[in-house]
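Letters are used for the chains, namely A, B and C, taken in the order the chains are written, and counting of residues starts over at 1 for each.
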Amino acid sequence: METRSSEFKENATRALHDAELQRALENVPRGFIQRRLAARDRLPEFEALRDEARAIKDHTLAHLDLYLERYEAKVRASGGHVHFAADGAEAKRIVIEIARRLGARSVTKGKSMVGEEIELNEALSAAGIQPVETDLGEYIIQLRGEHPSHIIAPAVHLTRDQVEADFRAAHAHLPRERNLDEAAKLVHEARLVLREKFIGADLGITGANFLVAETGTSIIVTNEGNGDLTQILPKAHLVLTTIDKLVPTLEDVATLLRLLARSATGQDMSCYTTFSTGPRRPDDPDGPEEYHVILLDNGRSAILGTPFQPMLRCIRCGACLNHCPVYQAVGGHAYGWVYQGPMGAVLTPSLIGLDKAGQLPNASTFCGRCEEVCPMKIPLPGMMRHWREREFERHLQPAAARYGLKLWAFLAERPALYRLATRLGNRALRLWSRGRPRMSMVPLAGGWTRFRDFPTPEGATFMDQWQGRRSNG
Amino acid sequence: MLGRKPRVGLFVTCLVDLLRPSIGFAAVRLLEKAGCVVEVPQSQTCCGQPAFNSGDRRDTAALARQTIAAFEEVDYLVAPSGSCAGMIRKHYPTLFPEGSDDRFRAEALAQRSYELVSFLVDVMGVGDLDADYPRVVTYHDSCSGLRELEIRSQPRQLLAKVKGLKVTEMKDAEVCCGFGGTFCVKYPEISNDMVRKKIANVTASGAEVLLAGDLGCLMNMAGKLSREGSRIEVRHVAEVLAGETGGPPIGGGDPG
Amino acid sequence: MADRDHRSVLFSRIRQGLGVSGDEPARRRAVDERVSRHSRNLVPRRGQLERSARIALFRTMAEGVHATVAEAEGPAEIPALIAAYLRQQNLPSRVRHGDDPLLSELPWREGAPAVERRSGRAEPADEVSVSRAAAGVAESGTLILLSGPDNPTTLNFLPETHIAVIKGDDIVASYEDVFDRIRSAYGTGRMPRTLNMITGPSRTADIEQRLELGAHGPKRLHIIIVNSSPEPQPTGGHP
């Protein structure tokens, strides 16, 4: 997916003025936040589980090579195939090779952010293979030619009206007078349309929420059941996933599962949590005949051993997005790539480069809500600050900001000079105010006064007044 | 215990120093009434947050060393700001390598540093306040104070002791107001969207007065309120607790 | 071979990032131990109740996620319960089920003479399926279904209505209890092809965050708990 992260500011401006988007975004705090809170309050062990989850992932990452070996062996022992891909190009090559060998013309897909990362659908289409997104949100945005705006709710930026319009345009074979005025009717229509695709697919591709080393199992978590129909109906099931999804044992995955749905949608468990191990067994009446796992790196290994390693704990719940006031203001597309919100701000520079994605970790007040709700206790604001440090070292920030800051630091490190400067600044502001208690325009502070007033200083600085009081006894 | 009155170094903060010294004087009054001797170390300037949040670790460390040195002799450092106190308590030690002398001194200062209201309640155990303010107020929880220092109940506890004062909670009191230091000028439109939502909540709460513990947040919200023509007054919580509400609110209320 | 190259590049990058060779005995030991011990982490107390309270909790949780629940004292009642449910829901009297002995040995002719039965994997035209859940988890009202000739996985997803029969004895406290049973049945480190954890009927909130049932999987999930009391009740009264 082409990246537009370097246009974040422009994207954000557009988003803020998009009335329909703003209306849709109101659903984010209303729904997700309350539900997560209720689910958390219903489980007394929630906080303790967060600590355990962090420990499980940290241990796994520290031994990732060994757990990968273990996992690989187990998949093969169960009759599955394991493929390694260092980058997206190799992953796509493998998918297309498998699809061609199967003579696949139509492929159903469960929701996969990794697929978005490597632009899999474009590659399939170019190879004459039709990819069909089956997650309802993904299906809708596929119709619109858009990318997901939220890692678990891809179409959260759309209103019901927009979806109705898209369905009418795309499902032209259905009667025009049909009533689609409720979400339920749209869901029903999608069910009918996609049911045919499920049945006709030659290959089913899913991602994986987790990979269990102990048993060679891949796990997907859905509410719709689309990931299941994707994997059990076609001849082959292909899991496209990344190396950071490894978890040691079934017990370890239970802990993470307890946190995932609660943090994402406020459910105790998603509707369908499916553990897949290898192809169908000799006496299984259904299931895929072939099972392939593509283990993709695509930049994760480069994060190991760096201050950004905690980001690999992420289980893609989306809680940080839901609680971020910046995400709530501008939505996901502003971030310009696959991952949004705080986790997008930390992960994207690692995967596409700081020069392209530098704006993202800057668009934060460090309010800390993301870290507060992250089930894996990822120190998101701290890592955004690390990125700012890297930018500073590489002189990537705008010159004006850099010089302004340098001047400030220069003065602040020299108290006597600082007193003088603040005394002068204080007087200048008071003069500029011409006796008014606040100013609607202040030179050099246009970013502020464009939207709000600036208060006039009360009087002389505190330090001058304090000195004055002290010398008067 | 010390066996004598605690010596508190007031960390005034750059915003209070430049724009609203009455907050500093209110803080002094509160601390003295609580039984402290207050000093204002002269070599303090800025806690270093602007540099820190811009990725300039070197200047941040220089400012940290300066602050540490300035406050070496006092028993406590107290700041009328959750973000400055948070910077000193939580982040100063991380600026220096483990085991280094700087780190040791930073940790020593961090342990003795507090936000004002938290200091009054958690350390000095302040009981009664000699203040009355018969107004309906709402309180905004500034992010650093809330999430880095867990300040939430203390201001409300003290406000409950102000005669005639009624606290009405706004919706989403703990959601960021959009100030974020340099954020509000780097991303003014997003910041504006956040402050707009915040003051809608302030207004909907029915309060006549908005209080908080950080002047950055207060300036941001006051500036937006007045730009929108609101009559809601904005003050630092210290002013109300110290009974020093004679002067104009932030942004002055009506001009002339 | 290209694939081997990618594999070795990947492993060497990981080991480089971690600063290890991969041969360190302590690391290997740590991994071996964790996997072979597969110790339980913190298990919430919620489901850890005695039998009847556990079953009651399972029921409450399942109903909370829009499944419907009926209770049968013994397997003999199941066909009649199914027939009644189909009538109530205005569904055709046709079901598909697997070869699970619990289901195929039921007194269908006596209890549900009008119900047509087919066995095997689900076909797209099937409207109602009946499967036997291997276990249920009281903690969240979750059904555990395992692939195999007895209970083809397609039964759980293709038809619009899914009826799941579960024995009271198979309702356990937590997912960890299920894993213990899996290891006993399949051997340590082994799994059936598919293990489905199903918690309520299919749903989506992808349109304006409004919850709608019946996205792609079944719209209706009906659970029949068998022998929900440890001893048969004289007059069949249930709370």
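We adopt the following convention: contacts are C-beta pairs under 8 Å (C-beta built on N, C-alpha and C of every residue); 3 or more make two chains touch, one makes a residue touch a chain.
Keep in mind it's a predicted model, so treat the numbers as computed, not measured.
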{"item": "Chain-level touch network, classified as line, ring, star, complete or other", "value": "line"}
{"item": "Of all other chains, the one whose Cα centre sits farthest from chain B", "value": "C"}
{"item": "Interchain centroid distance [CA atoms averaged], chain A/chain C, Å", "value": "30"}
{"item": "Where chain B and chain C are represented by their mean Cα positions, the distance between them in whole Å", "value": "54"}
{"item": "Euclidean distance of C-alpha centroids - chain A vs chain B, Å", "value": "33"}
{"item": "Residues within chain C bordering two or more other chains", "value": "none"}
{"item": "Chain C residues within the chain A interface of the complex", "value": "2-3, 6-7, 9-11, 13-20, 22, 27-28, 30-31, 34-35, 38-42, 44-46, 61, 65, 98, 120-122, 124, 139-142, 147-149, 152-154, 156-158, 174-176, 179, 182, 189-210, 212, 214-218"}
{"item": "Residues of chain A touching chain B in the complex", "value": "9, 12-13, 16, 325-326, 329-330, 362-369, 371-372, 385, 387-393, 397, 401, 405-406, 408-409, 411-413, 415, 418, 422, 425-426, 435-438, 440, 445, 447-448, 450-463, 465-466"}
{"item": "Complex interface listing, chain B residues touching chain A", "value": "12, 14, 16-22, 24-25, 40, 42-46, 48, 50-57, 59, 62-63, 66, 143-144, 147-148, 175-176, 178-195, 197, 219-220, 222-224, 226-227, 247-248, 250-256"}
{"item": "Complex contacts: residues of chain A adjacent to chain C", "value": "24, 27-28, 30-32, 43-45, 48-49, 52, 56, 59, 62-68, 70, 74, 78, 83-86, 90, 94, 134-137, 140, 153-156, 158-160, 163, 183-184, 186-188, 190-191, 194-195, 198-199, 213-217, 223-226, 228-229, 232-233, 243, 248-252, 254-255, 257-258, 265, 267-281, 283-287, 295, 297, 301-306"}
